[in-house]
Structure formats: C-alpha cells, structure tokens
Amino acid sequence: MTHVAEMGSVSVARASRWSLFGWFAFLFLIASQGIAIAISPPDRDMGDLQKIMYVHVPAAWMTMLAPLAVLLFGIRYLWKRREEDDLLAAAAAEVAATFAGLTLLLGMLWARPTWGVWWTWDARLTSTLVLFLILAGYLSLRALIDDREQRAQWSAAVGVLGAINVPIVYMSVRWWRTIHQIQSSPSTVDPAYVLGLRLNAFAFLFVMIWFIRRRYEAATMERAAERAAESTALGGGRAEP
Amino acid sequence: MSAATDPALAIDASGVARRFGTSWVLRGATLRVHSGEVVGLLGANGSGKSTLLRIFSTLLRPHAGTVQVWGHDAVRAPHAVRSLVGYLSHSPGLYDDLTARENLLFAASMLGRDPRDVDVALDRVDLLDAADRRVRGLSAGMQRRLALARLLLVRPRLLLLDEPYSNLDPDGILLVNSLIGEWAAEGAAALVVLHELAPARGVLHRTVSIRDGRIVAAPHIHAGARLDGPVAVSSR
Amino acid sequence: MTLRQEWRRARAIAWKDLTTERRSKAGFNGVITLAVTILVLFGFALGPDAQALRDAAAGTVWLAALFAGVLAFNRSYQVELDGGALEQLVLYPGSRRSIFAGKLLANFAFVALMLVVVVVVGIVLFQVRIPPAWPTLVGILLLGAIGLVTLGTFYAAMASRSRAREVLLPLLLFPMLVPVLLAAMEATKALLGGNVMGDAGAWARLLAGFDVIFLLATFLAFESVIEV
C-alpha cells in the first residue's frame, strides 16, 4: 500500500487553513446554541429541558452521518490500498463513537425528567445504542491487530459492513416498535424550534469534520514517527518506496 | 535486478525486506534460482529462512523489494504464482481427523486433479498401507510423507521446502531426495531450507545462507559443521 | 476458474468441515448440549410462570441458538489453524469465495440442525403449543439460520485468528445481527402465537431481504479478510 510519506510534516498553509476552520466551527457552534436558546420558547410539557434538543438531536444526526465516512473511506481503501484512507476511516469511526455516546447520554438525561425512566426503547435511541456497539467492535478489532496491513484491510471490511448495517438496524428497530404499537416519543417538531435545529445541525457538522481532521492528523504523525523508528532499525536509508 | 523478467528464472528476488513490529527480519535479500536448480538455504534460528520462503510462496508480502516467480510478480499476481508453487512448511498442514487418503482426496478436489492420482501419490511415498488411518494417529515422519504426497498432486514448478528432512528416518530422507531429483529433472526448481547439510548433500546444486537478513553465498561446508558458528564467506 | 469448478471446491470444503466436525469428539453434540443448557438457564431466569415462559419462548430459542452457534463459527476455522492447514488452503488456486461458500454450507447445515433441536426442546420446556403453521416456522428457521451463518462465518474468519477470539467474535457479530435476530424472533413469536396479526409474513420477507444483502456484502468482502 502507499504510505503517508509526506504526512509527517503537514504543510504550514494547510495547517493554518484547518485551524481557521476549527475556530470558525466552534464560534458558529456557540452562536447557534445561543440563538437557538434565545429564540425558542419553553416547551409546553418539558419547559426549558427542551433546550437539550439542540445538542441531542444534531449529535444524533451526526452519529448517523459519520458512518458514511467510514463506509466511503473503507471502500476506497479496499480499492486503492492507500494508508490515508485507513487512517481517515478510523478517525471517522472514533468521532462517530464519541457522538453516539453523547447522543445516548443526552437522551438519558432528557428521558429521566420527562418520563421518569433512564431508558426507553425508543427507535432512534435504540438504534444509536446498537450503532455504538458496532463502532465499539470496530475499534476493538483495530486495537487487537498489530500488523498494519492486516489491520487496515480487516478494518475496512468490518467498517464497510457495519456502515451498510446502520440504516438496516434503524429500519428494523423502528418497525419492531411500530408492530408492538408502542407510543413513540414525539418526533414532530414545533416550527418554532426548526431554525434552531437547522443552525445547530450545520454547526455540529462543521465541528465533526474538524474533529475527524484533527484525529486524522494525529494519526498521521504517529505513523510518521513509526516509520522513522523503522528506518532507523533498518540502519538508515528508506526501505519502503 | 533484471530489467526484463527472465522466465527461465524460477526465483528472481531483489532487495526483499520484511519486518515484524519494528524489528527487521529480512533486510534486503537478493536471490536468483534457475530452472532445474536445487538450492540449499542455511541460517541460524530466527534468521528469516522461513519468512523468506513464505514470501516466495505469496503467503507474506515483502515490505520492500521485488519478487518474481517464473516471471510473475508475487505481490501483483499472487494467483499466478500460487499455481506454480509447492510449499512444504514446518507444520504438516493436514487435517487430523481425516484419514491420509481423505486428506489427499480433498487436496485433489481443490487442485482439480483426478482422484485416481491420489493412490498413485500414496504409493510413491509408501503410505498405501496407512492410507485409511487418521492423520492424528500417524507419526511425524509419516505426516511428512503425506505432505510430500500432496506436493506430488500439486505438480509444482517451484518447490519451497522448509526443513523437509526433520523427523525422517533414512528411508524418508532417500524419498525426499529422489522426489527432489525427479522434480528438478523435469525443469522445476527447489529452494530447501536446511538445518544441516548432510541429508541433502547428494541433491543440492549450491548453497546460500542468510546472515543479518541478507543472502550470502555459502562455500562448501563439511558435513556436521555447526551452522550458527562463524562461516567463511566469499564476497559476491 | 469456472463456476462448476468453484462449486466442486466449495462442496469439498463443506464435506471436509462436516466430516472433521463429526469425527471430533467435542463437536456437534457438545454444541447442541450447550444450546439446551442455555435454554434451561433462561427457563430459570424467566419462569416458572407459564405465561411468562410462553411469551419469551421465541426470543429465547434464537438467543440460545446464537450463543451456541458462536462456538461453531470459531471452530470451523480452528480446524484450519491447528495443523497449519489454513496456509495450504489459501495456496490452492482458485478464488477465496469458494472457501467462504464451502464454510457457509457446512455451518448452515450445523446451525439449521441445531435450531431444529433447540426449537423442539424449547416448545417442550416453555410449554408452547405447536403452531398449525409449523412448515412456515421451519422456513423462518432456515431463513434466520442463513443470516446467522453468513455473518458468523464472515466475522469468525478474522476473530479466530486474533488474540482474543472468544471475546472478539461476539463483540463484532452480535450488534451486526440485530436486524436478523429481530426479524427472526418476531416472525417466530407471531407464528407461535398463531399469527393473529399476520405479521409473520412481513417479517419473513424482511428477513429474506436482510439475508440477500448480507450474503452479497460478505461474499464481496471475504477476499480481504482471508488473506494477509
């Protein structure tokens, strides 16, 4: 496979572009949260607890979106065998797992005061939990394999399959709930909240992209250090093309 | 490295390197084996002999360097290489709960060979009497013969033998040598990893050894010489 | 390699897997006994109230089959790893898909048989009435077995060769099986309850759809995981 040859020294221009993007993303997030909280009236039933929606829902959406990155980078790795794609897929999976965890936590914080229980087998929440477990499996697999090529190849296969399964899991869990005619949690959103949600959805998207990029950069630096150590062990002079 | 791939070369390997973790086992091994040649490969324990063999068999990919087997690139065209190579590894690679014959019948199905070839192979390695015994009950030497019988079914153009003489009695050693001789006479080539030269003396054309992850030519060594001691090396 | 040759290779591998499993002392009997034991333990967990048992029967049967089945999946690769046979297997000419197909066939025969036994025992232990639509039930069992075996055989190819195989296989496999298990359990539940709402057919169709998707995906991806 081709290697991250020049990644050890990320060019200065590129670095500052991404830093700029990072600042933009976080400022946008703060602004979006502020606007959303300011303009939305308290919910009839939930009161101000409703505001948690502006973090919980976008986090949930990102949790569904990030596996798409794992899928695409995984497919591209299997096709081109470039190490960058493996590192990108892994970064996306880690970020997805983080967002999944966040979604679950906030979901539970919301559920407790609203329905008096910490967990409901709500379709979205349950699918997110299953997705979290799928990602945990992916990350465990990576942790257990030492051989780089084997790790990249197996992760790609597992990641692609896992990502394909995301909509399938969601659909089957939702139908499971419908069949048993359980009251689903309110999914219709009052128009007053839509602007806040949309703003925050974009904010979270920018933040997620930035997280993935940063995680990827860290991985490439690790990789560059590894390669330097290997070159030294070989006795100087590059062994790998 | 040859500019054009020479198909008369069974192995054309150049600068082969392979690491495990951060330690390099092979550090630029270069080797050429010609049609009909039987080459012995010596080296201390852990020197990378088996690793090199496995790279030639396409089971492992090199981390640097190129490997051509009969003109086919082992990394880019492993399937072409596999149809030409017969690999005898340390472990027998047999199914303990199947009989000797069943093991070969399975190999024949996988190779697309006529099932009648199985008994011919069993006879050649003198296992016809034990053909219906489960591999679990066969001695190490008999298991080795069975593995050789499977090689007969493979009909390889390049033989990669990893310490084929271990656990064999004198009859077994004779068998290995006569098989190697037959294969070489047909134009196949053989690379034989050895621990000691004595059993292979009659059948080798030349010998090389591995030191520090590279191939060096080994001069004629007296039978019984210790292989992890100093070896006089001619520069080549 | 022609399709017919591939099929012959797959059949040879399936025969080899089933024969070695049959002859090994622990194999099939051990796994079935384990499945029944798991059923009994579930009985203790859920019972002894008859209604509670009946309600849980469908799900329990599938879970017992799953937990016992995981052992079968790892074992199907163990036989290759023990004597170093996997290397020789990979070196035979021809596509890796026939290896996957052969192992699928063998595991399917194993798991389907196990499911039948488990369902029969489950019907007895959990005091369920044999449904009039029992041929359909058999159909559901087969469809569910296909889903289980497809993903199980695929992930076991990796897990069996890793350091923590007993943990890694369930860790990878179980979340991925959620759709298949849901569909299989719900269809079974509906059938055992007389299929009053007619859900069984819908779930069965869904299950078949999942099977097709996963079979396709795993066949395409298998080459990447058996090499290296």
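As written, the chains take the letters A, B and C, and residue 1 is the first residue of each chain.
We adopt the following convention: contacts are C-beta pairs under 8 Å (C-beta built on N, C-alpha and C of every residue); 3 or more make two chains touch, one makes a residue touch a chain.
This structure is a prediction, so every number in the text was calculated from the model and none was measured.
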Comparing A-B with A-C, the one with more C-beta contacts is A-C
When you take the mean of every protein CA atom shown, which chain's own CA mean is nearest to it?
C
Just how far, in Å, is the C-alpha centre of chain C from the one of chain B?
39
For chain A and chain B, let me know how many angstrom lie between their CA-based centres, rounded off.
48
Between chain A and chain C, the Cα-mean centres are separated in Å by 31
Where chain A touches two or more other chains, by residue
149
With touch defined as at the start, can you tell me which chain B residues reach chain A in the complex?
17, 19, 21-24, 27-28, 61, 63-64
Considering the complex alone, what residue numbers of chain A touch chain B?
146, 149, 226, 229-230, 233-235, 239-241
Chain C touches which residues of chain A in the complex?
78, 130-131, 133-134, 136-138, 140-141, 144-145, 147, 149-150, 153-154, 156-158, 160-162, 164-165, 168-169, 171-173, 175-176, 179
Partner chain A, residues of chain C touching it in the complex
154-155, 158, 162-164, 168, 171-172, 174-176, 178-179, 182-183, 186, 197, 199, 206, 210, 213, 217-218, 221, 224-225, 227-228
Touch list for chain C against partner chain B, complex
5, 8-9, 11-13, 15-16, 19-20, 23-24, 79, 82-85, 87-94
